[in-house]
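One chain, chain A, links the two complexes that follow: it is found with chain B in the first and with chain C in the second.
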Partner chain A sequence: MRVSFKTSYNHDIRLFADGYQASRYAALVVLAVGLPFVLDDFLIGEVTGVLIWAIAGMGLMLLTGHAGQVSLGHAAFLAVGCYAHAILMDRFGLPFLASFALAGVLTGIVGVLIAIPVFRLHGIYLAIATLALSMLVEDIIVLAEPWTGGVIGLTAPTITIGGIDMDRFGSPDRFYWLCLAVVLLITLGYRNILRAPLGRAFVAIRDSEVSAQAMGVRLAWTKAAAFGLSCLITGWAGALLGHFFYTFNHEVFTVVVSIQLLLMIVIGGIGSIHGAFYGALVVGMIPQAINIGRDWITQVIGTGGVAIPGLETGVFGLILVLFILFEPQGVHGRITKWRIYFELFPFYRRDLFRRQRSYLKTERIR
Partner chain B sequence: MSLLDVRDVTIRFGGVTALANVSFSVEPGEIFAIVGPNGAGKSTLFNLISRFCEPEAGEVRLDGASILDRRPADMASLGIARTFQNIDLFETSTVLQNLLIGRHTRRRASFASQAVFSPAARREEIAHREAVERVIDFLDLHASREQRIAGLPYGTRKVVEVGRALAMEPRIVLLDEPASGLSTEESRDMQFWISDIRAELGITILMVEHDMGLVSAVSDRVLVLAEGRVIALGTPAEVQSHPEVLHAFLGIDREPEA
Partner chain C sequence: MEDLQLMVGGLANGCVYGLIALGFVLIYKATEQVNFAQGDMMMLGAFIAIGLGNESHGGLPFWLACVGAVVIMAAFGMAMERTLLRPLFGQSQIAVVILTIAFGFVLRFIAGAIWGHDPLVMDHPIAGTHVTFGPVVLSADEIAVIAVTVLLTGLLYLFFSRTKLGIAMQAASQNQLAAYYMGIPVKRIHGLTWMLAGATAAAAGILFAAKGSVDPSAGLLGIKAFAAAVIGGFGSLPGALLGGLIIGLVEPFAARYVAAGYAQIAPYAVLILVLIFRPHGLFAQVSGKKL
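== the complex of A and B ==
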């Protein structure tokens, strides 16, 4: 069992608890950077997809996992980021980096504008309002044909940074590194916010709005900030997603994607950055796993092409139900428990993570 | 001039008059207790002062300035901290994080400087941390510093909530039944802390409490409410022998013969 002995306040504030933890994450980054040298182009494409979903997952995690505002409409913000980026590059001739940054900021502003009218809604009502938004944006994309290409959609412009081509299909390795860099920067920013007053304010409004207000946390402002930051990140994910799909139309950003994002963070482990990554991994890998499984079934049974309609959604649903029943903390929670089991071996107790019943329910003044 | 001045406040919820023409004022450095049977309007009064509910008539002044146009989130920066009767902590966070929330109104670092965690943001975090550590020292919370609220015993949570209010470095702290549900020993600890908060930190205390032992041990003045009306105001000894108080609490209608 390792003991982290703290000798200064800085020790508590810094990103990694100790050298061991820092070196584990460093090894992970090195592995991620080196991945294109090991994997072929197809697999790198798959991993790039997982990275982009992880960004989108972090966007929603910030809002739902940390600030406690459930959104069922994040596909809408993916779409805003994606189209804004494509339009800024194609129509306004902005270079990739400028357009990319601006697309995120624009999505963030849209998020804040949406947050102002809906911030009074709680729980299920907020979820319904954002669900409606998601549907609305789908229609707006179709209607705003001169800008969005309607049902035909748009084609992602090519990416060049400093004369180096970074396109999805032309140079998948470089596109992967680009996505990886974005992931790293966003993860770092996210971590920083969590250890700063803003992150604590998010957690405060999630756990108790009344108490947060009594501590001087402004609800409207904090919720708008959560929406803004969440949409900023989601917008960036959307911009990269456009490049990833190469061509896209309104069908890429359906309500199903919104729901899938929410499933992703729940399966991954709500309320942790890790959860966004695990969720992206699970959600990104399931379709491939099903394909492989389907091939295998075909081989075993011997009949050609078993096409089971709705298999993917079925598997998703099943996984979600199993997680909610047996591991509400998601993949991240499960992995943490395993890790602690081995760290404490043989002293782990089954009840170590059982939440103690609180004696009194919080008094809500509403 | 008194620090907190409540004048002729009336609050009605539908047909129920929670407070009727209640007036009192709290002097700086005072420990002021509010007692009364259930439904007397004590918590309503607290919710009024921390701006969670609106009066129908009357005025509440802090340092002579009305606070009725303020919102709940403004009260912290005005120097009014509070605890809740049923404990309202941030369950999933650690004790340390809960106390750090108390420093929220004292944050200075900008949005961007928090996102990149600039040296300025780091210095600020350390300063907050030092302030919180002083509270932890004061309330003896070392042992549970890194623990999540969700796993803490009730008595400790009660203390953490007081700590969170103190971390704000307020001028007045409103304690809503600080000793309810505590064991005799914990209740004694709370009693010492309440007098220490005034003696060492110089914070004025306004508290609602049922435990008359605690109230008479620490408070300078006691306000007795019954059915939304003030029935007595004075030192603990004065109040305890007040005929109307005896009537409201014990159902005794006349002075017992000596």
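== the complex of A and C ==
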């Protein structure tokens, strides 16, 4: 077991706890950069998808996991980012980097504008308002046909940075590295927000609004900032998603995607950046796992492939139910518990992570 | 005259929304939990009624099939509370929301695996009959839907305001700990509430199936019903019905008088407007803040 003695207050908010942790993450980055040399084009495509969903997951994680505001409508912001980016590049002829940055900022502004009226709502009312928003955006995309191409949708333009093409199909490796760079920058930014007063204010609001207010946190302002930052990240994920799908229309951004995003971060482990990545991995692997399982069953029974519609969402739902019942902290929580088990061996107690239960009081009478 | 027919059709639709919303409100009022799977439970109830009653499936008489569906769904609701929700007792509301959303996915998959993904139609005695009031022709099933909904809402309202059990349910939600101290068996009350919600879901499902066809994705109607519950003020039974009726009425009229494409967003636009101007719904249940 490693013991770290803290010798200054700055020690608490360092980017990495110690050199060991820093070297582990460095190794992970090296591994991720080298991945295209090992995997074939199809698998790199899959990994790219996981990375993009991880960005979207981080967007929602900031809002839900750290600021404690549940949104059931983040597909709407994915859509805003995606369409804004495609339109800026196609109609206004902006280069990729400018358009990409602007698309995220636009989504963030849209998010803040929406946050102002919506944040008078609490908990479940907020969730349903964002759900309705997601529904609305889906239909607005169809109605705004001159800009969005309506039902037919749009085609993502080719990315060119400094004369180098980065196409999803033509050069998947370069597109993967682009996504990886975005992921790294966003993760670093996210981590830094959490170390800064703003991130601490988010967590304070999540844990208790009354206490946060008593400590001098401006509730409305901080919530709007959380929503704006969350939408900024989600908008960037949307922009990359547009390139990833190549062609997209309103059906890519349904309410089901919103719900799946939320479920994704819950499976991954709510309240940690790791969780967004684990969640994206699990969600990305489910279809593959089902395919493999189906092949296996076919081999065992010896009949033709069984195709069951809706199996994917069914399995997804089941996994989630099991997680909520048995491991509410998600994959990240499970891994942390295992790690601590080995670090403390043999002193790990079963109730080490047990949380005290609270008795509910109604929200209707305050 | 056309307007009047649109109105009755909308009212009948709204009643189904209202009944699902009633299930939401019932659970929220008594346990402070939000059950996002209510729409899928409604779908399941409809399928069970069809499975028991239709010639091609169970072949039981219609009334027996209805009673059977209600009883099975009541047991299902209770079992669901026992296995899924009781372990979450005392945890955050959002955990329950996410759990029920996920369980809704599972229910949809199960229904699809048993009854298939093609829409099914329920056989019932008043299918296709009409009632004529002067120039207006109304289908009998729409009138039946409205009548049954009004009856059920009234009964539930009386149950909550008059009976000992109903008041115990309200107490359990307002303050669990205090309810325990007063000798209310909070956990058993939760079980009974989910039973009641399951039965309501089955009733809504039967009425829904009586008006049209059912397929596993019918549960997504629950989102609209949820909007109805929020418009009415979450936690108010008459409010839920009113919210359902508003959504039910807005839809056909928007489809008739507003440009195509805007009709389907009208319910959500109404919801957002209500939330902005009356954040706790039309029949607000929130009283002033005390510290």
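Here is the rule we use: the second predicted complex is superposed on the first by the 355 of 366 C-alpha atoms of A that agree within 3 Å, B and C clash if a C-alpha of one lies under 4 Å from a C-alpha of the other, contacts with A are read in each partner's own complex, and residues count from 1 in each chain.
In the analysis below, a contact is a pair of C-beta atoms (placed from the backbone, for glycine too) under 8 Å apart; a residue touches a chain by one contact, two chains touch by 3 or more.
All values derive from a computational prediction rather than experimental measurement.
In the overlay built on the shared chain, the residue A:192 is in contact with chain B alone; chain C does not reach it.
Of the two partner chains placed by the overlay, only chain C lies in contact with A:135; chain B stays clear of it.
Shared-chain residue A:12: touches chain B; no touch with chain C.
In the superposed model, A:342 lies in contact with neither chain B nor chain C. In the superposed model, A:317 makes contact with chain C only, not with chain B. Of the two partner chains placed by superposition, only chain C is touched by A:143; chain B is not. Once the two complexes are overlaid on the shared chain, A:262 sits against chain C while remaining clear of chain B. Within chain A, the residues touching chain B in one complex and chain C in the other are 358-363, 365. Within the complex formed with chain B, the chain A residues making contact are 9-10, 12-13, 189, 192-193, 195-198, 200-201, 203-204, 206-208, 210-219, 225, 271, 355-356, 358-363, 365. Residues 32, 34, 84, 87-91, 93-95, 97-99, 101-106, 108-110, 112-113, 117, 173-177, 180, 216, 223, 226-227, 230, 234-235, 261-262, 264-265, 268-269, 271-272, 275-276, 279-280, 285-290 of chain C are the ones touching chain A in the complex.
Residues of chain B touching chain A in their complex: 47, 50, 52-53, 71-77, 81-82, 84-93, 97, 100-105, 107, 109, 111, 114-117, 121-122, 125-126, 128-130, 133, 150-152, 154, 164, 168, 181. Per the touch definition, chain A reaches chain C in the complex via residues 70, 117-118, 120-121, 123-125, 127-129, 131-133, 135-136, 139-140, 142-143, 255, 259, 262-263, 266, 308-311, 313-318, 320-321, 324-325, 328, 357-366.
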